[in-house]
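In what follows, a structure is listed as structure tokens, so that the remarks can point back to it.
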Amino acid sequence: MRANNRKDNELRPVTFTLDYCEYPLANVLVEIGKTRVLCCVTAENRVPPHLVGSDSGWVTAEYAMLPGATQTRTPRDISRLRIAPRSSEIQRLIGRSLRSVTDLQGLCGLSLTVDCDVLQADGGTRTASITGGWLALWLGCEKLVKQNIIVKNPVKEQIAAVSAGIVDGKPLLDLDYSEDSNAETDFNMVMTNTGRIIELQGTGEKRPFTRDELTSLLDMGTKAIAELCRLQREVM
Amino acid sequence: MRANNRKDNELRPVTFTLDYCEYPLANVLVEIGKTRVLCCVTAENRVPPHLVGSDSGWVTAEYAMLPGATQTRTPRDISRLRIAPRSSEIQRLIGRSLRSVTDLQGLCGLSLTVDCDVLQADGGTRTASITGGWLALWLGCEKLVKQNIIVKNPVKEQIAAVSAGIVDGKPLLDLDYSEDSNAETDFNMVMTNTGRIIELQGTGEKRPFTRDELTSLLDMGTKAIAELCRLQREVM
Amino acid sequence: MRANNRKDNELRPVTFTLDYCEYPLANVLVEIGKTRVLCCVTAENRVPPHLVGSDSGWVTAEYAMLPGATQTRTPRDISRLRIAPRSSEIQRLIGRSLRSVTDLQGLCGLSLTVDCDVLQADGGTRTASITGGWLALWLGCEKLVKQNIIVKNPVKEQIAAVSAGIVDGKPLLDLDYSEDSNAETDFNMVMTNTGRIIELQGTGEKRPFTRDELTSLLDMGTKAIAELCRLQREVM
Amino acid sequence: MRANNRKDNELRPVTFTLDYCEYPLANVLVEIGKTRVLCCVTAENRVPPHLVGSDSGWVTAEYAMLPGATQTRTPRDISRLRIAPRSSEIQRLIGRSLRSVTDLQGLCGLSLTVDCDVLQADGGTRTASITGGWLALWLGCEKLVKQNIIVKNPVKEQIAAVSAGIVDGKPLLDLDYSEDSNAETDFNMVMTNTGRIIELQGTGEKRPFTRDELTSLLDMGTKAIAELCRLQREVM
Amino acid sequence: MRANNRKDNELRPVTFTLDYCEYPLANVLVEIGKTRVLCCVTAENRVPPHLVGSDSGWVTAEYAMLPGATQTRTPRDISRLRIAPRSSEIQRLIGRSLRSVTDLQGLCGLSLTVDCDVLQADGGTRTASITGGWLALWLGCEKLVKQNIIVKNPVKEQIAAVSAGIVDGKPLLDLDYSEDSNAETDFNMVMTNTGRIIELQGTGEKRPFTRDELTSLLDMGTKAIAELCRLQREVM
Amino acid sequence: MRANNRKDNELRPVTFTLDYCEYPLANVLVEIGKTRVLCCVTAENRVPPHLVGSDSGWVTAEYAMLPGATQTRTPRDISRLRIAPRSSEIQRLIGRSLRSVTDLQGLCGLSLTVDCDVLQADGGTRTASITGGWLALWLGCEKLVKQNIIVKNPVKEQIAAVSAGIVDGKPLLDLDYSEDSNAETDFNMVMTNTGRIIELQGTGEKRPFTRDELTSLLDMGTKAIAELCRLQREVM
């Protein structure tokens, strides 16, 4: 049995706390089971070098763990003078996913940074970051519209993300840390509300997986993402 | 008038949330007004190079801001490949203060790291870090005693910290960010429960200050620290 | 029409040059169209910290571009004091893929490093690195067996990798740089000889993609990987 | 007895050598006992980012030890790729102290850097840096006035600094290294000629200290700083 | 006897492969014995800070080893966060040599970077880099002339470089790695076609050397450099 | 005419101040004209990784400029997170020169570091560092012999260094900064007392130089180095 009698295709409890912080343009504290990520959006009046001179704005993401977020302390990046390669990979994933549903031209030359800081890590931090980060991005853009800084919300599609994996030969949704550590296969999916795919990242950690297994995981994920999108809409 | 009709020598509301996180040895979320710092203690079975071969343990602190903690986004240290000099100064202050009341010999060769991560910064983050960090350190040592890892709690004295300053010629306790930005003089005090001094750091930001002004600030601080110690004891 | 009259599901010409270099344990210069990657394997008698004390060996990969490999010069990582995030992501992918088909216990405590240096980049450098890197790894292990350093070749499965994408609404195999720049969807697949999946990484760069499109890309990739494995076997 | 029969409230011999170097705008080699710090002031026609667009100039300080300045060799910062946290703290203290008595508007957009390089360290290097650095700053501004680059000397007050501490229960002025290593309490004071306070930094290294002890140390420091200011004036 | 019956004053076989790569402005793969260096030239429309505002262009060089180029793997610079001091020294030598024969005014504000990447290192990589790098620089400038970007080729003199050394008391030309490791004296010479000297770098690794020995090495080098220049002209 | 009526082949005034500092094993403040370098030797009981397990000791050098040593302020290496390439090249030269005349086996596993810190730079800092560094090394080894840490002084030969160059077509000895900036050719020589060569580094900065010019410069340098060795012996 899974912890808390969870079913194989069941999400952990999900909560979105809006406005946990006072200063960012928008922010969402997303909790999925014990995983807890603070997603803050800030706007700055500049674009990265490759966009200078264009009309385009930009959306980027940064991802980091607090040292106390994990079962054994995670050293800070600055103590090693390099960003953890895993964090680097994850923040690229978050940024790509959010940019792919944003009309960058509609940002009027603003750069939005979505900071995803993991306060507690019990599996699924990257998918929680996307699910919460998208909500914060959407809320931030709504505020920019209200402040007459941009004309309309440039976020074109609603997205969310979830993990799934094969543990002891069985497909499971939304792995917690102890399940993730034992997974044969680990899959992260970012999709729209209607099940179209934004990003797929699947790894056969312990063994290759089959096309049939892939289908099961995608089916599970599609349903869960629709549910996550429904929960996002409840607080929007 | 100060915000919320606060008196000149009045602390902002203080709350200590114990066990906000699940994984660290001990942790305290300290909130003083809008300032919010998560203090996590972890123990590791090693000592810094200068203590290898001795019987001594060690206590150290790290301090950082989340990017969204401030009114304009604070870039991460890793993006500049160096720790912010202000953070470096503050974490040295926290570490010195905590070590000065700990019997390092009593730690049986353990290193305790007190991570102070600022979730929201509205003035007084360094003193909140010490006040919350001391509580987390004491709680962590209590757990180590219960787990029979150390014989008795090596924290010898109760301490807390508070800021005070002179704003428009008037001594004020526990400055918030808008007061701190206008302070002529900025003072941070770390004291024991009984008013003996652990650390003093005072700066005449806009003008030199007099011995009389120093006396006012110290008197204010002594009382406030006794109050903070009382609040700590309520949750110990 | 694609360059050189290539069909939608056709690989570019593939060549593997063995022993391009004299000093590494094994090396393969893989060329796929104009993309050219030098894959060198070296063995060292140490393991990373998390394996010290275990019987396990290790396989890791490093990936980098020569400055002159791209249409505009790519600055060296050292000039920015950080590894390019894209390179960091790619070398994690190569390492994971190769480890997933290697019996690390069978390496007798050796660490094998697979260096993938891109001499010329015309799309598909990460998949070429895996296809060539796997071959170099297998050849290196064969040498270690012949030198009686390990008992049997610990590489358990044959793998290769290929990219595919949707360009102007059409699924295309093995994108070159000009196709990749215009792709709506970009997909990298690592599979075994028999079509079981090791790694999937798909991105809807310009728009979300559908489950049907995913199926087309996977079908294309499966056939191409079987062909790449056949070509690997010709030189093994 | 203290070394050289020094009295408890007696300064070590102090010398200021002006123009030890030929190239900086101004420079002072300050020697206090065996402690020897070279303070060089240079002017540059730029301001830090937060002042661009304002009329303000800037004053900053850098502090470093030569490797051979200490009893055991001090590794260079560059060999560890980070500034020593102690140096970072000290150079912030020097910079704050000097800025607090300078009219930055009067600098006509110039940045003055006060480099304090410790040639020999026998205790009190930070206070010697402030005492000598202030003198070099004042001399540099005089030259700028003579060169008609600024209208009048923007340094508004004369300051100096000294350390004091409690060793074996006794308050001592101007600790040398061997005294400092055994101090129960370590105190650094920056004051004006007339005893108003610029910066206080006190640490109960081995035990908390009392308000009475604080008073003794401040009294000692006030007199010594007046004497240091007198010595500065002799060479101005 | 030397490897391959080589005479004391005989060069190893030299080949220049032009246009090994497709994207740089010009490139030469130079092979001298087993030593193999890829020299790529790229042009950028900017100059270093000290030339901004002048009419001058710039020529610079970068030098690096691939990890698999040496008998034991060479770690990448980025893994240590600093350029290998030997590489730093070598790229300064290459840059100085090439600049000394280039009319920087004639570059119309362009910066040319000559990247020398060592694919295989069997002694003499720095001199091969200069010999191949000069050829690539000349070819690149010819292309700029043809593209009407600059008026005439600004490379004023033909240069090449060679090493020589004293091994077992005997002067030898063009040392390979095993000879270099045993050399008493190691000498690198950069000269023009007619034997005038651009750079000399000689080291008495194991013992001082005499003026007579210097004369022998210079005589050997002069002849060899004339021969290398002849070979360059064959492919120009 | 040269400054101070100096003849073409005349050294600037040279002084060696022994024991300028109190803490290093040995130290020499060398002044040559206005150039002033502090050379400190320290011994540590460890060897670099490549010598662990051998009987050999080690000699290394570090070279740096104080910010105020030059006509315009030199930024500290740590502010750019990399050692200045010129400093890196110079400290390798100093280290190689000193090692080449030291019997490393005779150092009983000690590492000696020769820190050369330039207090004032008026040309010839690298040669002054070698001339002064050798003296400090020899003095340090004498002390180690007296302390019975090593059996006999392992420094086998006396060496010194000097620069020479061609300015306006005329060979000049010991260039100061203004001469060096205008030199057509810049030459640094390290030789033994008897004129045998340890290191040569010559650069045709503005034009190639001839063998005859090389001969003039070497002749000049040989005499000057004999004179410098004589001056060293006066204080040994």
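Going in written order, the chains are labelled A, B, C, D, E and F, and every chain counts its residues from 1.
In the analysis below, contacts are C-beta pairs under 8 Å (C-beta built on N, C-alpha and C of every residue); 3 or more make two chains touch, one makes a residue touch a chain.
It should be emphasised that the depicted structure is a prediction, and the values quoted were computed from it without experimental measurement.
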Distance in touch steps, counted as few as possible, from subunit B out to subunit C: 2
Label of the chain whose CA centroid is most distant from the centroid of subunit B: E
Distance between chain centroids, defined by C-alpha means - subunit C, subunit E (Å): 33
Mean-CA-position distance for subunit D and subunit C (Å): 58
Distance from subunit D to subunit A - Cα centre to Cα centre, in angstrom: 50
Set of subunit C residues in contact with two or more other chains: 81-83
Graph class of chain-chain contacts, one of line, ring, star, complete, other: ring
Ring order of chains, beginning at subunit A and proceeding to subunit C: A, C, E, F, D, B
Residue numbers on subunit A that touch subunit B, as the complex places them: 21-24, 27, 34, 38, 40, 42, 44, 62, 64, 66-73, 76-78, 81-83, 113, 115, 117, 119-120
Subunit C - residues contacting subunit A, complex: 81-83, 85-86, 88-89, 91-92, 96, 100-101, 157, 191-192, 195-211, 214, 218
